[in-house]
């Protein structure tokens, strides 16, 4: 956003070549194994690894510096680090001068920052913070990887901007092996964003509010397009369920399971149940599909062809291995048939033909024809035309938006703090053997054997205090709801924190989480939720 | 007494006779539940007979061996026989409710069909036991395999010296085979000592770990063979304690439990150092188990 | 059988085409993405047999598939008594005569090891046995070992003395053919026109290739030393702790290993009335591999699991079968995420142990 | 058995993997050695990515709610019911009272079509997906 596009600036392979790797809010070994593998490789080659995470993840055990911050204190940490960089003259002046704007605002803000105060606020050692700042700034090639631990906060956007500030301040952006890399959680999150499955932009991040963009799409699609940006997921799934609610009255859901994945589930389920009409296309009868009026059986990844785009912007061809199971259909066929019935005919012979239209209307995908992608490794966007090759890293000569803009940010406390009635902070996330709402992994025998029950990680000190042992049942209660987990006593979490996953329908942790979200990105604060925990009989 | 009492030595027709499966060791055969005994609220004994009468007539096993038991949609798990092969026509498994499959076991009713394959594994060394004093040390559900051997030995009572049974449970309500044990004690066939980890107001007996009972009995290292079964940690402590009392490891016999998938020494789940519990065990001599801390 | 023969390179494809008439022919084939797998060849004109790269997978999946249905089961209630009914019906594979061409020594040696487990156990695994029964192996002695190979150290290559039906050695324009088991003899008898007798010069040339091959290994792996050290003292806590710190718990090393044959069996419910009993590959590095009901786990902790795997390969199989079950193919080296491979393990053990010469197992 | 190169369906790394197909069923998964991301490795999920494909819980027929319960129906009936339901809401409340949730687990082509469907067929920009969840 600060650079002008939301994607990994690097390729995955580059991470292994960096000299300093800063990983924040990412349990990389479990959620992005191949990226963790490059981090291991980098560390083996002598790279310094800095991990910023409230949990002592496996990667943190390999880190040279682990800054075990309190959840939601990324900004003060980074401000402290940047102040240190400023004080010790480690700023890349040339880069700041030539390639960025608004530096003075950042500088003025940093001059008001006290490093010791920041360290205290974050709960980390001041010297470690300084050490991290120095290593990151001094190295020639430093790379930042961050994941949902950074974005799933009420200040998610400001968090991201702060990491970008850090990278720009030290000039760690425009070259190979340096950059800021958001790790995308699902196989095609990147592609779904690229394709304009967002309320404000058409494919290739072209704003719907721009008349010239609309004009181009209107010509191609031969229809008049709505002009105002639409509602986000949270707006759609957190209505109050009444008919005069400003939210939606009908929903078409393709391969998602908001009735388990979205925050403040009680409200989500009420909203879904209150809809006039709900259509779901999925592989399984998910918690959401159970509420639907019409359910379409969709084909799995093995039963269709098409492209998906990974974290490093690599557009790759998925090839059909078998016929659709039962009488399931690929989603594109369902959409085409449904659209025709709604009076808007779509006529495509194949996914390749759909891609041809995407290429025509989407500059960053301009050369992504299926025949070119059929090479075993795909192509990384931007790829404006057929002659253009893969783009290994972004912002080589300039940022997408011209100059990179410093956006100073101050600390924003999480929406909920621990207090008397809810003295613990619950962090949610994923585990290695499960994926998202578990619709697929929980039906995979071995994956499910390895992690078969909803566990809550409790620090040994807290466990002692609460008389909890591994294997006991414990009820976790927030302002919004409660669920029962099996206790796992673990030093991976800090004292005062708890960790649970959202993979399990039998303990839907999102009954607990709140829907407070970032005002810009509308990303909910999954990472901080005040709870209490008690032994369940 | 529920098991046969004739005193002539029992020799199984073919101790490794396996249920006929057309050469496919993975193919389970139906068996019918003939009788169910509720031992306590979480443990029940199933008396089973193979559905095929000819198979059933030829079915033999030895104490210490186990069967793979399947229930619909629940998969398969190993269970040791708790009955004595001296009693023909049926066999018994004693099963505690713990997971998916055992919960389904507890929903079974008389007349229901389950599927089994086996018997598998190395039985107790019956020949070596003859002529010895026997000490049975059982913890909780560990009584099940020992009961098979105990019933077998009592069916041939004259071949053994004194028979002592030490039986520990966590709570008074958890003892299995109670009537039978009392009966044997009353018949002076065995010397029985019971203990619980945690008593209740009605409990008149001992409170303490089963290892504490070892101090109450006389151990004659030259004559005694000890048969130990229970949780891994209990086995470890009992073996240690018996060795302190002078019993050589080769006179201590135990049976181990592991996750098993095949039962025939292939799947690897029950690997224990260089041994496979399913094929080399589940019965082991103490001298064969160097790594007690990993029991 | 001491006869040695020559097969001209030009005659190889025609021979395979003949063999294809009565057999499946499976050979390493390079696909258009550059990956080489053992693949059934149906069209010899459009299949790129690749003898230059190590096939990515061994033959394991042909005899022990990654997943297979063992039995189907049906269940229901008796219409009158209401009693539970339940029965199993086996689904055994059909025997298919198959020629495996281009098999490397290590992979063939691995088949001999898995034979030992599956066919000589107390009960023969009928599924493995059926797939394995009608196999003919035409192996290739490795004149040039691949990057991570160390079969010289595990004594499972680069050339074998036994186990093959035919073993070929590349002599430039022709293949030197050694005849092993009876099926090899039969194959020669059936297609004599393809072969000529080898000359003394051919035999010398073959000897030279074999000799040179032994000198070409880039990896020097002290397998014997590691086995000796483990026999002396199996704990090596520091080594296994360090290895397990980097284990990603993916199971890939076991899946890719030609001699890792641990499997899981699970029931898959198809509907109320029945389902399938399915066998899949499993890995001993998973916590769930040994976890029992009630969360008791005799092999607990990542260190215990990693240790178990390497001890199985390098110590327990030596105790059981007289030799380690690693065949030196090096696949786990290239595959492992964190470098928790057998070479790393052996090197760490050796580094930790004394600098003496390696003992034999 | 033949192997089909495709992309793993799980995380955003995008590993190249082969699905091993035998008799119309996917029986295994194998990493691609030459693929720049997977480079001969898969994580535990990737190795098991084939396991759910033939799971008996897969939906195999469209379902339509009748008298409160979901019933299996043919495609035509389900599509008509969906179209009718969406049209009814659009007529009663306007297109902006319909929402569409796309999927980070579906292909680019499907996501593109779905946003086109929302914008061109339904007439609303209410399209989003779970990028932030």
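Letters A, B, C and D mark the chains in the order given here, with residues in each chain numbered from 1 onward.
One rule holds in what follows: a contact is a pair of C-beta atoms (placed from the backbone, for glycine too) under 8 Å apart; a residue touches a chain by one contact, two chains touch by 3 or more.
The structure presented is a predicted model; accordingly, all values stated were derived computationally and were not measured.
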Interface with more contacting C-beta pairs, comparing A-D to A-C: A-D
Between chain D and chain A, distance of the C-alpha-averaged centres to the nearest whole Å: 19
Geometric centre distance via CA averages, chain C-chain A, whole Å: 41
Distance from chain D to chain C - Cα centre to Cα centre, in angstrom: 37
Between chain A and chain B, centroid-to-centroid distance (C-alpha), Å: 54
Where chain C touches two or more other chains, by residue: 33-34, 248-251, 264, 266, 268-269, 275, 280, 282, 286, 291, 337
Residues within chain A bordering two or more other chains: 33, 37, 376, 432, 445-446, 450
Chain contact topology (line, ring, star, complete or other): other
Of chain C, residues touching chain D in the complex: 31, 33-37, 39-40, 56-57, 61, 65-68, 248-252, 255, 268-271, 275, 280, 286, 334-337
Complex contacts: residues of chain B adjacent to chain C: 16, 18, 21-30, 70-76, 98-99, 102, 108-109, 111-115, 231-232, 257-259, 261-262, 264-269, 271-274, 279, 294-295
Interfacial residue positions of chain D with respect to chain A in the complex: 4-16, 19, 21, 24-26, 32, 34-39, 41, 43-45, 48-55, 57-65, 70, 75, 78-83, 85-90, 92-93, 95-133
Chain C contact footprint on chain A (complex, rising order): 29, 33, 36-37, 40, 44, 61-62, 375-376, 432, 445-446, 449-450, 452, 470-471
Chain C-facing residues of chain D, complex: 1-3, 5, 16, 18, 20, 22, 27-35, 40-44, 46-47, 50-51, 55-56
